[in-house]
Structure formats: C-alpha cells, structure tokens
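Think of it as A, B, C and D in the order they're written, each chain with its own count starting at 1.
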Amino acid sequence: MVELLCTENLCRSFGGVMATNRVCFSVDNQGLTSIIGPNGAGKTTFINIVTGKIGASSGKIFFKGKEITNKPTHELVKMGICRTFQINSIFENLSVFENLRIARQAKDGGSLRIFSSKQSLKTVTEKTWDLVERLGLKDLAARPAKNLAYGDQRVLEVAIAMAGDPEILFLDEPTAGMSPTETRQISKLIKGLANEICVVLVEHDMDLVMSISDRITVLQYGCTIAEGTPEEIRNNEQVREAYLGKEE
Amino acid sequence: MKRIFFVLIIFLSISLIFSCGKKTDDQSETISKLKQEIVELKATITKLEAELVLARTPKEPLKIGVLVPLTGIVAQGGLEMKYGIEMAAEEKGTVLGRPIELLVEDTQVKPPVAVTKAEKLVYKDDCKALIGVFSSGVGLALAKNIDKLNVPFVSTHVMTTKFYGLHPLVFRSGQLANDQTAVGNVKGIMARPDLMKRSYYVIVHDYSWGHDAGERFIALAKENGIKIVNEDYDKAPIATKDWSSYISKIKASGADAVYMAFITNVIPVFAKQASDFGLQGKVKLVSAAAPGPLELEAGGEACYGIFGASDWSWDVDNANSNDWEMRFWKKFNTIPSDAAVHSYVGAMNLFNAIEKAGSTDAKAIADALRGISFDGPYGNVRISAKDNCMRNSAVLTETMAAPENPFGAKVYMKVLKTFTADELGPPE
Amino acid sequence: MNNTTTIPGIQKGYYPLKILIIILLLLGLGLFPFISGNRFYISLITEMMIYGLLAMSLDVLLGYTGALSFMHNAYLGISAYVVGLFLIHISPTSLWLACFTGIIFTSLVALPVGWVQVRTGGLAFALLTLAFGMMFHTIVWKWYGVTGGDDGLMGMPNPDISLFGWNLGNTGNPVTIYLFTLIIVTICFFLTRRIINSPFGAVLEAIRENEDRASFVGINVRMYKLLGWMLACILASIAGALFILYKGYIGPSTMSAFAGAGVLMMVLLGGLGSLWGAFVGAAMFIYIQDYISTMSEHWEIYLGLVVIFLVLFLPTGFVGLGEHLKRFRKG
Amino acid sequence: MGGSLGIIVDITLNSLVLSGVFLIVAIGLNIIYGLSRIMNMGHGALYAVGAYTGYTLVATGLNYFAALIIAPIIVGAVGLLIERTIIAPMRKRSMVYTLILTYGLMFFLDGMIKYVWGNKPCFIDLPAFLQGTISILGTQYPVFRLATLFIIAAIMGGLMLFLNKTRIGIILRASSTIPEMVSCLGINMNYVHMGAFVLGSVMAGVAGIIAGPLTTIDPLMGGEMLISSFVVIVIGGLGSLRGAVIAALLIGFVQTFAEFFITDLAMVIVYILMAIILAFMPRGILGEGKFE
C-alpha cells in the first residue's frame, strides 16, 4: 500500500550550507517514527520543509501519492499535516478553550459565517469539549493561555495540533524543558496518539525515543545515516560514531 | 430692578385693600375704575422696563469672530493680520455704544478646522460677524457654510476671483484679488523697459490661489506682448524646501525673469537659493504676493530687486499712512506690514458698517457693508455694491536696501508707481 | 453541569444591567438635540459620532486583526468625495444611491490596496498604509478638475433623507443629520459587535494573537486579513458618506497624514480591542484638540504633553485591553 | 546659459546632495530602530532643532564649522534628556505605544521651536569662502553644496569607523542582532539603548545643520523630512544601514529627476515606488536587522 507521506531527495540550502541533503523519508498511516541526530543535524529544518514553513530548494514530497512540495501551510494543515513548535507558539491572550476551538473551527469550516454567534457552531464546540476532557484541561478551560504553567502550555501546544484531526502529526521536541513527571504524562499521550494516527517525533531524550518509537531515522549534516527499529539503531556503528565521535 | 419691584408692591397692596374690602354693587363701578387704573399702571411698568433694558445692554460687548492662521506655513502673516484687527478694534472703541470683543481662533490654514471654529464662534460664543481668513480654500469652505452660520463674513486675505459676488453675506476687504494683482504687475512691467524686454518663467505654489495668479498673469501678459517661456507653468508643492531642481529648470530654460506666485514667507527663501545659484542680477524676480517685511529682513541682500504690486508698503508717503505706521510700531514693535494694514482697513469697514446698520442683524450689516468706504493708510477703500469686493488703489514696489527708518528695517519695498482703483478694476 | 454548548469565558447575551445602560445612553443621545438646542454642541456631537465610527473601524483593524494603519482616514475621504461628486454631478436628490456608490467605490479601491497590504506585516504594513495614504492625498490635491484640489469639493447640495417614500427631513438641518448619524452609527456598532463575536471575528483575533500559529491551524491568514481590512474600509466609507452629508465639504486636509495619526490616537485613547472604547477616545480627542487649540497660540506644546502623559501614565487607554499587542514588539 | 551637459551636472549634483541629507537623517532613525526597536516620530523635529541651533550659533558670531560640531552635541543632549525621561519607561511596551508617544513628542518639539524661534524663516550665513558659485562643466554650481557632499562623506566615514573599530561600536552592532546575548555578556542594555538614541539624535542634529543653508529653516521642516526618511528606511530595510545608503540614493535621484521632468507628480511617483517595493520585498531591499 502507498505510504502516507514520503520525500524524494529533499534538499534545502541556506547560502551554500546544505541543511537538508537529499533526504528520503517515508511513514505509514499509523505508528510513531522518531527523528534523532546531533545538534544542527537538520531535524527541525526537515520538519519545516515538510510542513511548509520554509520552501524546499529541490526534491519532492508526496502525501497519499499526491505531490505537495511548497504548498502553503494552511492547505497542508487542511489535508491533515499538523505540527507543534519547539518554542511555544500559542494564542496567549485567548482562553485555552478558544485556542482549541479556533483550531477545530478552522478544520470544520464555518469561519466565513459573519453574523452567527460562535456558539452556533454546535459540532465545533462539542468536539472541543471532548478534546478538553480527554486532555484533562477542563478546569483550565476559561483561563487565558499565557497564565498557564509551562508544562500545561506544552500540552496545549500538542492539543492545538491535535484539534485539527491530523492524519500525520509532527512533534518538535515536545518534552523540551519538562519535568520527568510531565515528560511521562506527555509520552503516554503521544503513545496513545500513535495508535490512531501517524506521529513523527523529533527528540533528544534518548530513553524516551528508544522506549516508545516504532521506527527511528538518524540525521547528520542533513543526510540520513541510519534507519530502522530502536534495536537496530542502538547497535548501529555509524550512529554511535555520530553521537560519541570516532574512537581513537 | 429695585424700582420695578417697589412699584409692584404698591400695586399689589392697592389691589389687596380693594379686593378684600366691601363687595357691593357700587363696588362694581369702583372695580371697573380700578381695573382701568391697573391697566394704566401695567403700561407704565412695561415702558419703564424697556428703557432699563436698553440702558443695561451697553455693558454687554459686541462679539466679533477673528479667524487667522496662527500655526502652519503662514503663521507670521496670520499674526500680523491679528495685530491689524486688534488695532482697529482698539481705535474704534465701541460700536452701537457697545465695547468690541474679539474672539481669535486658529484656522491652521485647514478648511475643515476653520469651519468647525466658525461654528464655535457663531453658535457657542454668539459672534455677530466673522473677519480675517488666509487662503482661498479656507475662504470658500466658510462661504459654503455661511447660510447655516448666518453672519456677515469679511475676508481680508482671500485673493481668489471666485469671491466676486459669491454670496450676499461674503465680502472681501483686504489683499488685492488675483486679477487686480495681475493687472498691477503687467502694467508695472510695461512701464519699465528693462522689465518689458525680458522673457518670463512662471512658477507657482501648487494650490488654487497659485493657479489663479499664474493663469491670470500669463493671459494678461500674452495680451500685452510680454514673452512667457513656459505657458504650462510649474506647480511646486507647498512643502518644497529645496528649490535647487526648480532653479536648474529656470537656468535650463534660458529665461531672464521669473514670475513667482508663492506664499509670503517662501519668497525670501526662493530668492536666497536663487542668489546662491548665482541668478541674482541676471534674473529679475516679479512676485504675485507682497513679501512680508520680517521675511525680507531674514532674506537680507538676496531679496533685493523683487518687483510686485500690493496694497501698501511703509514707503507710502502720506500723513494718514505715516501716522498709522508709528501707532502700529509703538503698539506691537514689529515692522508694519501689508497683511496688518489691509486687515486693519477690513476691520474698520466692518465696524463702520455695523454702526451704519444700527443693529446686529446679519442682513442689515451686509446691506450697510455694500458701498461702504474707509479712508485708510492707502487711500479710500470702497466695498463695491455690485460684487461685495473692495476697490482701492495699489502700489508697484521694488525691494532694496532701506534708508534710515524708525523700525530698524534693513530691506524695504520702495514705491515705484501708484495705481488708482479704476486702473486695477474690475469694472463695476 | 456545563452542557456542551456553552463557551467558557463568554457570558450568554447581555446582562440586564448592561442592556439598561445602553438603552439609557441611546435615549439620552437621541433626546439631546431637543433638550439643549445649541447648534454648536449638536454639530460637535455629530462630528464625534462620525469620527467615533471611523475610530471603531480602525479598532477592527488594529484591536482585532492586529494591523496598524497610519492613514485609515484616506478611505473616509475617498467615500466622501465619491458621494459628493455623485450628488453634484449625477443626481442631487438620490441620497441612498450616492452613499451606496461611495461605499462600493471605496471597497473597489480598498481591495487591490488590501491585497498588496496583506503581503506585509508589522511595521512594514503600517508604513505601507502611510505610502498609499499619501498617494491618495496627493492625487486628490492634484486632480483640480474633479476634486477641486485644495479648495475641496464645491457646490455640494443638501439632499432630503427619504425612506420608503416619506421624507424624514433635509440634511442641511443639523438636528436631522444628527439623528440620521446616530441611527446609522448605532446600527454599524451593533453589526460590528455581532461580526466580532462571530466565528469570523474569532479568526481575526487568532491572527492578531499569533499570525504564524494561525496559519498552522489551517487559517488562510492573508485571505482573512484581507477580509478584516475590507470590513474596516467599508465601515470607514460609511463614516465618509456621513461626513460629507454632515459637513457639506471635503478637502485633502481631512485625508492628510496629520489627521490619520489623529484617528490612531483616538483608538489608543479609548483603549484597544473594545469597540465602544473607540467612541470614548474619539469624543475625548476632538474635545482636547478643540479645547486646547483655543487656549493659546502654542497649542501644539500642550497637545504634545497631553499625548505623552496619556501614553505614559494611562497605558491601557480608558477602556480597552491595551497591552495585548505583544506580537508587535517583535516588529 | 547652461548647455544640456550643464543641466545634467546640475541635476546629478542636486540629487547627490538630497540623497546625502536623506541618508544622514535615515541613518539616525535606523540606528534607533535597529537597536531598540523604537520608531522615533520626533526624529524630524530633532532635525529641525539641529538646524535652528546651528542658526542661533552662527548668528551669535560662531564660525560655521564650529557650529557644525557643537549643534549636533546640543541635539544629542536633548536626545539624552528625552530618552531618560520618556523613552526608557517605554522599553517593554508594544511598538504602537512608542509610535504614539513619539508622535506627541513631535508635537511638543515643533511647538517649542515655534515658541523659541518664532515663525519666520531663518538663514545661516556661510563663511565667505563657501559663498558664491564655481563653474563645473558649463554650469554655475554653489560652492557650499559641493562642500556639503564632502562633509556628508566625512560623516559617513566617521560613523563607519566608529561602528567597526571602536569598542562601543562593536557592542552596538552586536546588540542589534542578538540583544539577549549581549546582556548576558554583562553589558548593561540601558546604556546601549541610551547610546543608540543619543547617537540617532546626534545624526539628526548633523543633518539639520548641514541642510540648514540648503533648504528653508522654518517650523515645518521637521514634519516634511520625517515622511521622506520613513520612505528611505522602509525601502532600504528597517534597521539596516547599508540598505539606507542604497535607498537614500534611489529616492534622492528619483525625486530630483521627477521634480525636474514631471514636476507635478514627483511625490506620487516616490510613494508608488515605495508601495511596489514593500509589496514584493516586504523586508525592504536588504531585509531587516542586519546592522552593517
């Protein structure tokens, strides 16, 4: 069966520096794929290209067989390709509920209704309440997002991406700056998600990656140097070199 | 008021005594006599009151609205206009026995601001007439709203020819209109052979007065055989600060004279930058507007040799003018200017008209204004009954180093020729 | 428990007290011309209402879509000129058709300009509005044949306001134009309030909060910013039609950069993000400017000090949210 | 009088002079914006203060070149006073509010100029050897305007040296790119912001005294220069000095040539140009923030 999303020789250079160097990457409809690599390996750049934040210099991206290279971000999101950001990017002055509701509304449509009130979009409100309950944010619902604790804001970040019913979800270091308890909580959430939709995780926390990933891709200097199950990657010679440097 | 009150008490007491007294049939006759007396008493009381009202009102001042630009590009001209009107009010003292109170507002040379200020002066402060205003844009905007305001409006620095017979309540008594200036300048040029043989480059400030002045000069000049280099004259934005590109155009055109229609305080700047480029002496400057004395002082030698027709300059030598100059100098300690004198005359015409009309009713004042005249520093200034605009004599002047003078002025406008009112027209 | 249709943080409809205040306010404004009868205050309040509508339209742009426009009064000017020219040249009596043409024409002008504007953001957006505004100002100043240049539009008739046949009065009479303005402005206020609270309004607020995130939630940011811009320009054009009917005059100085910054100050005085705050700001600004400029020749000094004082010590304006424009700090 | 060659020389020199003045005003505005993200609407008024101070200094008998040094220092002091009293507390506020605050500052300064110096235009009398004209390639060109070109070149050179070579210059440049990092290095950002505002004001003062003899010194000169300098820094790229150089030359030439050939629509052309550039290069020619 055709892969959900795959890239062919995707490249992106910033004035001579090949941040993404002929990367071929593919994922199926479901399951958790992680992308790891030392700092500056081009992980975030790769995600930025696929989710349309920056354009690709060359190469192609296919989603369910159709080419989607360099499409505008809002079209990609409508197709089901959502993402979170490394640095929190949420609607600070809007309430938690509104943060999610607006994502839901953008997905379900109805944004052009000028004269009806927000409540009139019944399905949007109901689905948002379901999501809020699922994530346990019920008691924070009315509070403006900027007043949330950092951990909750990270959860909200993931929630906003989920609100759009994505088919493929890119998570850019969701556990950055989180306490161990919060990390466990969010990894449980990510694992649960991976059972329903395809999740691509960019992460530094090795134990987390090794414990919950189905497949792992390792990037270095913009190229894919290894791919496979967590077991294969742990024993892979090149990966150890990339991280620990060559033994003299 | 105390007297009326006293009379009322007597009246009440009388009627009380009678009313509670005997009520027999012969009373009906006394009652009818009594009623008749009451009627008489009432008549005397109302007459008494009318006299008192008339006696009391002289204390209440006659309010006149003064609209002048105190900020923006012509702030200096606006200030001098205000001085002229203040001087006229002080010298006139009272009108219809009432002291004159001037309420001054800043138009900022912006039509909507002027209209709002006029509404404030008339509706809120209850002014009986409006005077002043610089720029035709502001003047025309006020004229548009004059029916709502319903007060006479005497403009002292609106030169547009559209004001001729524009509206029964709108008058002009001040700076020469564009057609009069054009006639004065063209006749001045024709009277001087050294000016006649030159070819003229026309450059104006890009607003309605500038266009009107430019077009009228070109039309009249062509009729009288004066060579014009650029008939589609240059229109420079009012905000222009650096005239170098225009001066290069003049040099390139080969013209040896410039006819400029600029707002007063830009004239010395243009003259100075022209002399920086070495044009002084080679190119003669003829100005549609009379430069203010303060601006000439700032310009210094660069402003020598500017020709132009205007109502007056302090070089005019007659008893009335010299006396007025000294009074103005003593009162405001600034060099007496054309803007000040024609606003003074305009104000005098207005006050005399209100006196002549005998009331503060707008229509009465307007009728009195038509045909009124005032012998001011530059001779008789008569407001024509036909088109509500003034006719007066004017002078052709050239700027040069000033002789010994009480004002300490270094540059002055020497009078070369005087034009009579009929020469300038327009015919009535 | 909370059923699944309520949205936390937004109270259902209006509290009874709030409705009472609104009714009292409208009643007071409605009866004012008959009580005081002083024409100066009647026309002053009419001007405050018209500029309030313009300030509200700018608040839709700045307070709700997060886009700063330096010369929003240019669109008031364009609409006023078109309505004026229609009444002068085409038919001096059909008032509604003139206003309609004014609004449509202004929208047709605002659309391409908006299309260019939404390609930029932050300060570049603001300075681009300055460029377009100055362009309209210069065009109006230069096109003497049609617009009368700096003399402004001349010969504007005073048409009667007739609705479904019966005549409500002539626009020349200040009380009629006062009531006409009051009705139109009230309708616009409640309409805009409705739009702001609609799903469309929610999208605008999301764009104001975080443009990047909005595009990553599936919002076509450019399209919705353009629609927000069009809504603001249409409201401004309604204010323009009212302006020409009330003042009977329109000139380039109403469309100047100086007046544009004045409207911006009205919004900030009133406080951002609250529609009726714009009206409070407009009323205060007009009163301050009118009152101070009669105080002395050097009114600019005092006006400058008042503005500095207000921004420093009254950050959120008198009514609104104010500080939420952090997005601008990245600029 | 001037042959066609003479006219071309005239216009080119005029354009260079205009571009030079635009450049110095725009650089001052860019320094303030580049470093502390503050768009100073009062910058035009500081430029006018520079011109008027120069006029007063020369009027009291000081040599023009001495005034050329002292006037900017006075304007710098005024800038320092303004920065400490009303700009510093605005540091954390959003840009919209600093725009409106400096708009009020513009009103205040324009009003004070009118209060102190009155309404009439003033002229700076130049030293003898700078007056008069010399003939270049068939046209008479004022000596002072040529001298201005050299003065402007010297100032730009001085500024570049200051920014590249001196310690303060390096700090200023570093903090324009990553302010947070610089504060981590133990440099008090308050001094950096203060230094930026003072340096910007000094540049405005210099532009004022240079433009004094060239144009009209009247209370409205500030407002008009402000809009032109906005056009220049936006086209050049907000906060980028090299962008400002290119944009100043572009606008200077376009405006002067347009004034010469199609006098009426000169300014409309400039605004259309700005709109087009902003529409397709929203970050201006050289993009934002690169502070060299």
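Here is the rule we go by: a contact is a pair of C-beta atoms (placed from the backbone, for glycine too) under 8 Å apart; a residue touches a chain by one contact, two chains touch by 3 or more.
Model, not experiment: these values are computed from the prediction.
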**Q.** Innermost chain by mean C-alpha position
**A.** C
Q) Computing the C-alpha centre of each chain, which chain sits at the greatest distance from chain B? A) A
Q) Pick the pair with more C-beta contacts: C-D or B-D? A) C-D
Q.
Measuring centre to centre with CA averages, how many angstrom lie between chain C and chain D?
A. 34
Q: Please compute the C-alpha centroid of chain A, do the same for chain C, then give the distance between them in whole Å.
A: 42
(Q) Quick check: how many Å separate the C-alpha centres of chain B and chain C? (A) 37
Q) Where does chain A touch two or more other chains at once, residue-wise? A) none
**Q.** Residues of chain D engaged with two or more neighbouring chains
**A.** 114, 264, 267
Q) Could you say which residues in chain B touch two or more other chains, in rising order? A) 71, 79, 206
Q) Who touches whom among the chains? A) A-C, B-C, B-D, C-D
(Q) Help me check something: in the complex, which residues belonging to chain D touch chain B? (A) 1-2, 6-7, 10-11, 14, 17-18, 114, 118-123, 125, 131-133, 139-142, 144-145, 214-216, 218-221, 224, 256, 259-260, 263-264, 266-267
**Q.** List of chain C residues in touch with chain B within their complex
**A.** 38-41, 43, 47, 141-142, 144, 148-152, 154, 156, 172, 174, 247-249, 251, 253-254, 290, 293-294, 297, 299-300
**Q.** Residue ranges of chain B touching chain D (in the complex, touch as defined)
**A.** 71-73, 75-76, 79, 206, 234-237, 239, 241-242, 244-246, 248-249, 251-252, 254, 265-266, 268-269, 272, 276-278, 282, 294-295, 298-300
**Q.** Of all residues in chain C, those that touch chain D in their complex
**A.** 62, 68, 116, 119-121, 123-124, 126-128, 130-132, 134-135, 138-139, 142, 257, 261, 264-265, 268, 272, 298-308, 311-312, 315, 323, 325-326, 328-329, 331
Q | In the complex with chain C, residue positions of chain A that touch it | A | 51, 53, 72-74, 77-78, 82-83, 85, 89-95, 97-98, 101-103, 105-107, 110-119, 121-122, 125-126, 129, 141-142, 160-161, 163-164
